[in-house]
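Structures given as structure tokens follow.
Next, two complexes with chain A in common: one pairs it with chain B, the other with chain C.
Right after this comes the complex of A and B.
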């Protein structure tokens, strides 16, 4: 969590710095009166690094992925809940379950 | 719906609680969440918490939920005194509550005084005619009295109003199956599959009913639904695997002597048989010979 968060912050900072560098570069081009053909290579590298860092952080920090397969252990339904709204009381429990000596004492 | 992970969790927690390892409250919460019927254990451990004043006060407002849970469990175990005490405590805390009114009706049911329970429920329904739980209790009451046809009638009336209630459809299907009215049961299961298409248990139950009905067309449909159960469970449902084998042999018996242009793939049965053999080898090696002889007799016929 801590490491992921730090990497995420670093990634966003790198992206911001890349943007700032590009603006600065264009300002420089205006002064020297050259055509803008593309950002310099170090800005591109910075941009890619920032992208990778932010992406990695966004995938790891919020939590683990859950399975969407219907047959995975977390999703595979093995039994239905007992239909408790329709439960009836005159069954064998009367004879089998012994709770005679239980008492609620408040 | 109880998934595999939740089932394992429940079993582990149950063992832990039964052996005095603590965690009774977590166990009771899980039982409530999964809606499983463990009345004897709920009564034992829930009552222990309720009788321990320190533990009880640490629950805060959850105490009343526990009171309700223990009351229902106690009725299920026929400990009517405990149930009465719990309901009285709830009654004192929530004097006007409908939910407590339902519990009182259930207590009358557990005592067997049906006419009084009926009276209690109808007075509750007068206040709120669309209280689903009370309608369901009436169905259950008819069933408990052995009056199945009345229960079906009530349930059908109920389902006309609350068509989206899956539990009620399931109950109706189970009642029909118990009366061997399989045609009607298939309708209920179709309804359930329509509303919850990814629950393998409904596919399996539907296939079972169709197989029981018999006839070539039904058997072929049953086979398809067994196959879809296998698809949804990843082949971990033994009953569906057996169903495939049985359906194939029954279809083969029916179509024997007819022209052999069936589109049925012959691999399905052999695949199911292999999966069964593998599972038996892994989990019950002693029964493997029994399985192979059964499968052999199915293939011959």
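Right after this comes the complex of A and C.
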């Protein structure tokens, strides 16, 4: 999340720098009275880098996809109770229950 | 949100019970759609800025927008680890949702910040 956001900020800064370079390039073209056919190659490379970084940010920052099936791994509730350490099975109820089982068998 | 995945007739034939209808988790569906919406909006803004800097005019800009949206769709599918049906109720959700909405932001960022750059420098 944090890294994705930082990458996105970096991409936007790259795009801003590319825009500034293009403005300067167009000013130069105006002085030399040439037609604008496309930005110089280093600006194109900068734009591509900015696009890749922003794409990375756009895909990571908004959050993860959550499974929509109610019986999938993440949505199933299989958590054990928190008081496992306090559960005691070695108590006198054991004798009572074994007696019940014997009665049921006979 | 309960929906059937397009095979309602065969499902009814196989079993009459209501429990066989796939039931989707509503909150997670909404959350996934929101993630897609955010991604597409941000990518349309970025695409608008880039096509403005590259100086696209007319039809080329719109073609560029649809190329960007196609790349974003592929990225979203990769983000869903190529198992669409465990996160969405159909391919249309991940491929088409939000494209027309992003078009407006795209056109705004395509033309507006670079208006001085294209108009006044050529005049």
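Some observations on this one:
Quick note on the criterion: the second predicted complex is superposed on the first by the 66 of 106 C-alpha atoms of A that agree within 3 Å, B and C clash if a C-alpha of one lies under 4 Å from a C-alpha of the other, contacts with A are read in each partner's own complex, and residues count from 1 in each chain.
Methods note: a contact is a pair of C-beta atoms (placed from the backbone, for glycine too) under 8 Å apart; a residue touches a chain by one contact, two chains touch by 3 or more.
Quick caveat: nothing in here was measured; it's all calculated off a predicted structure.
Once the two complexes are overlaid on the shared chain, A:39 sits against chain C while remaining clear of chain B. Contact with chain C, but none with chain B, is seen for A:62 once the two complexes are overlaid on the shared chain. Contact with chain B, but none with chain C, is seen for A:90 once the two complexes are overlaid on the shared chain. In the overlay built on the shared chain, the residue A:54 is in contact with chain C alone; chain B does not reach it.
Applying the stated contact rule after C-alpha superposition, one finds that A:19 touches chain C and leaves chain B untouched. Contact with chain B, but none with chain C, is seen for A:82 once the two complexes are overlaid on the shared chain.
Of the residues of chain A, those at positions 69-70, 72, 75 touch chain B in one of the two structures and chain C in the other.
Put simply, chain C touches chain A in their complex at residues 22-25, 27-29, 31-32, 34-35, 38-39, 42-43, 46-47, 49-50, 52-55, 71-72, 75-76, 78-80, 86-89, 113-114, 117, 121-122.
Chain A meets chain C in the complex at residues 11-12, 15, 18-19, 22-23, 26-27, 29-30, 36, 38-39, 43-44, 47, 50-51, 54-55, 57-59, 61-70, 72, 75.
Residue ranges of chain A in contact with chain B, taken from their complex: 69-90, 93-94, 97, 99-100, 102-106. Residue ranges on chain B touching chain A, taken from their complex, read 1-5, 7, 34-37, 39-40, 43-44, 47, 50-51, 70, 72, 74-79, 81-82, 85-86, 89, 106, 109-110, 112, 132-133, 136-137, 139-141, 143-144, 167, 170-171, 174, 198-201, 231-236.
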